[in-house]
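Following this line, the structures themselves.
Next, two complexes with subunit A in common: one pairs it with subunit B, the other with subunit C.
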Partner chain A sequence: MSRKMKEKLSRAFETYDVCKLNNVEHMQAVEEPVIQLAKAQFQKSYRNKNKFRDLLLCQLKFCGIKMWTFELLIAIITSLILRNLLADPYFMTTRKLVFFVVCFAIAVPMMLLPFLYRSIRYQMFEMESVSVFSIKTVLFSKFLLFFGGEVLLVASVLLVLWNTTSITFAELAGCILIPFLLANDGYLLLLKKIKSEKLCQSFLGFGIVLIAIIVISFRLTEQMLWMRMTPATVVSILGLVLYGVYQSMTLFKKYE
Partner chain B sequence: MREEILIKNLQNGDASALDELISMYYQEILRYCIWHAPDRTQAEDAAQETFLKAVKYLGNFGFSGKFRAFLYKIAANTCIDMQKNKWNQHTALEDLQEEPSYVEKDFKNVEEELVICSLVKNLELKDQEIVLLRFGQNLKLREIAEIVGLPMRTVQSRLKVSLKVIEKEMKGGNLR
Partner chain C sequence: MKLEVENITKKYKDKTAVDNVSITFTPGVWGLLGANGAGKTTLMRMIAGIMEPTEGKILYDGVPIETLQGEYRRIFGYLPQEFGFYPEFNVQDYLEYMAALKGMPKREAKRKIDELLEQVSLSEVRKKKIVKLSGGMKRRVGIAQALLNDPEVLILDEPTSGLDPGERVRFRNLLSEFAKDRIVVISTHIVSDVEYIANQNAIMKDGKIIENDTTEQLVRLVDGKIWECKIPSSDLVKWERALKLINLRNEADGTTSIRYLSDQAETPDSVSAVPRLEDLYLWLFPQEGEVRL
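And then the complex of A and B:
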């Protein structure tokens, strides 16, 4: 269509539009009652909005204790199994131990999946019992609570390994922290980008891909690269921590 | 930016933000309602209803996205509801606006513009809406896409087709 025709169309709507042709006093006279009515409506319908921290507290009472109890059980069972396995040096070589630790660090965040699935499946009931929030806000609050428990779980496993093996603390930290932080940062990104209906599948897929990468890299390399606490390892850990903090703060601000 | 601050203030309970927020959009929404309503008075009713609903939903549920698109969606639904109730047929004489005066233009231009408006009204409802929002309300394609709930490319192609139809009708009719 020619520009001339488009201009004609715009002018045609201006002709039809009588607003501009009316005087300013009339417009103000019409606008003012609308503003007053809107203010009255606002006073009637406004409720103090619950902030995200209120939701977090509610979630803590609602499912935080259950999550942490579950994680505590996993920590106890893992520690007991590791103590027994580590007693046999032929069964658990250093290489096997590192492989186990790395896979464990990736699998720990995946334990959140049943809680997420329940939230997504029964989202209406959960939201009604907590407050009027979007499902993503509720999922993020669960993620944060679960992450608190994950940190303690991973720390307890780290301590058990440090006490029972000859591997240094720095090397163990490198083995655990990088895959653990990578998994959690990946989940945060998925939480931000993916729709809630597809979240469980995305989390599971991401976890499986990470574990597959670990399995392949262990088959291909003889060296246990992550065991060495090099500057690159430190930088990677710091980078992952900062990224995770940044994503969490962005989401926290968004939902607050 | 200013709009975001006003909405944030409103969501935090500051009703005075409504003064500026409504002033920013009232004329635009009224203009939109005038297109759909049988007369000016009912258009003003529809515009008022739009803002009341917007205030009701904005405060409680915390919308995300553009406020303008949010308002237009409410305005569109309000006009549809009022159309279903066949607008208010019983308008008292004293409520009617006096006939607005047109700016002096030569008759031919006015006639042409009125024909264009009637050609737009002959389009399908969705296409009418898109043409109105683009040329009557001067919205961007992305905003129109959000309001009508269609992908941007679909809006673009439908607009192109509608404009071709109007141009063809105009060339085929008395106007050249």
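And then the complex of A and C:
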């Protein structure tokens, strides 16, 4: 209980008609529930003031603009590079294009790493660790902001490819969404399970492992498995979206 | 209100940084003294909740701080030895960011930031980037952020490093006023800061607390061991080797006034001096590295 609340309660008890209470036991029987009630009220009012939304807005002001500017630059550069590459007949094979898109979808979430690392590099990690929200909530807020930009970045690349290639939108979505959602869900899981000081290394390791799996699977498979919008693909995408939402909600609830 | 540290230990692969430390902090100013590597910063980081102890627990008003989580951090203020900031932050931005991290409502944060900037004499540089401030000014920004949420428990690791004497006096006065009904723990090498304002001091050595008492009681450990005298300046080198010198001052008449540690007077004209906390510190941590305890 804070000092202010204690002072308020103290003043309240001073004005209580103590003539009615003629023994210590009786006093405690009355005092204890009042104190508990006051504490619960105090905590509730404090919690209502400090919503995750306020943290998100603060992160947006101080970190989010930077992140989104960075992602916008990447979107523009990637779109320009793609337009040039797609004009090249060597690159313009479906297999290479799909490989590029899948790796890109995994690499995009990894771009959060420099922003997480910034926190460690400038020793803000320690200051953010003693925040009222806990370090994982602060990291989750950064993740959410970055994810918003990621979606737009991936969508812009998707549109460029859809406009300039003969691959259908459904096939492109299948290529991009599964690795993209898989990477993001993986990062959410790591955020939940791994100690905050090991997160950067874990994220990097996970991203590298995913890309390695993609490279190996492309060498081993001849079929354009990634491009088929089968019912299994649709179910996988839905499953990954739901899992991501579930993870986000549990993180939100746990650290609010 | 009390903060209980119970049998706290922090072990790394090659060393034990904090070794079975138990101490109860009550309202008032506490000094935490010790040489480099004594374990002060590790202990403070565990109290701040940013480092998990290997063994033991920390309780605030009888409740483990891991259970309290956000409720504990809400009433907690912390200034690390090296506090961080993003390079694009100016003073105002930084304090607003920290206020948001401490869960403060915007209106309250604005009022408090204005008040604190006035108290630490940084109102004129509120729009200046922190990277461009002097070391002392940066330290004052750190002190201001630690006080933002009006904490009930305030942990300060080397708060006055880089501050000039005037700033240190202002800081001491600020803390003395602040520390009524609050727990303030200051870890410092500048013993004089702690000597004037600390009610109690804990001294750490090799991860353990070796002494824990009021300043008056602690300095009695070196009562009768502090001497002052004058020697010819030409003999200084000889006496420097023979005695554990605490302080020396060259006088205009060709002599040197010395203050030294010894169980007995080493020169005929030595007089017993009133011991200070710094004398105790040097007695417990001799520069030659000789183990006293």
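We take it that the second predicted complex is superposed on the first by the 194 of 256 C-alpha atoms of A that agree within 3 Å, B and C clash if a C-alpha of one lies under 4 Å from a C-alpha of the other, contacts with A are read in each partner's own complex, and residues count from 1 in each chain.
Here is the rule we use: a contact is a pair of C-beta atoms (placed from the backbone, for glycine too) under 8 Å apart; a residue touches a chain by one contact, two chains touch by 3 or more.
Keep in mind it's a predicted model, so treat the numbers as computed, not measured.
S.K.: Which chain, subunit B or subunit C, ends up touching more residues of subunit A in the combined arrangement?
M.R.: On the superposition, B touches more of the residues of subunit A.
S.K.: Applying the document's definition of touch, where does A:Leu220 land relative to subunit B and subunit C: first, second, both, or neither?
M.R.: After superposition on chain A, A:Leu220 lies in contact with neither partner.
S.K.: Check whether A:Asp54 is in contact with subunit B, with subunit C, with both or with neither, and answer first, second, both or neither.
M.R.: In the superposition, A:Asp54 contacts subunit C only.
S.K.: Identify the partner contact of A:Phe62: answer first if only subunit B is touched, second if only subunit C is, both if each is, neither if none is.
M.R.: second
S.K.: Based on the A-chain superposition described above, do subunit B and subunit C contact any of the same residues on subunit A, and if so which?
M.R.: 2, 43, 46, 49, 132
S.K.: Across the complex, what residues on subunit A touch subunit C?
M.R.: Listed in rising order, the residues are 2-3, 43, 46, 49-50, 54-55, 57-58, 62, 66, 118, 122-135, 138.
S.K.: Would you pull the subunit A residues touching subunit B in the complex into a rising list?
M.R.: So the residues of subunit A touching subunit B come out as 1-2, 5-6, 8-13, 15-19, 21-22, 27, 30-31, 33-35, 37-39, 41-43, 45-49, 132.
S.K.: What residues on subunit B touch subunit A, complex-wise?
M.R.: Residue positions touching the partner: 10-13, 15, 18-19, 22-23, 26-27, 30-31, 34-35, 40, 44, 47-48, 51-52, 55-56, 59-62, 100-103, 109-110, 112-114, 116-117, 120, 131-132, 135-136, 138, 160, 163-164, 166-167, 170.
S.K.: List the residues on subunit C that touch subunit A in their complex, please.
M.R.: Listed in rising order, the residues are 1, 48-50, 69-71, 73-76, 78, 80, 82-89, 93, 96-98, 100-103, 105, 145, 152, 181-182.
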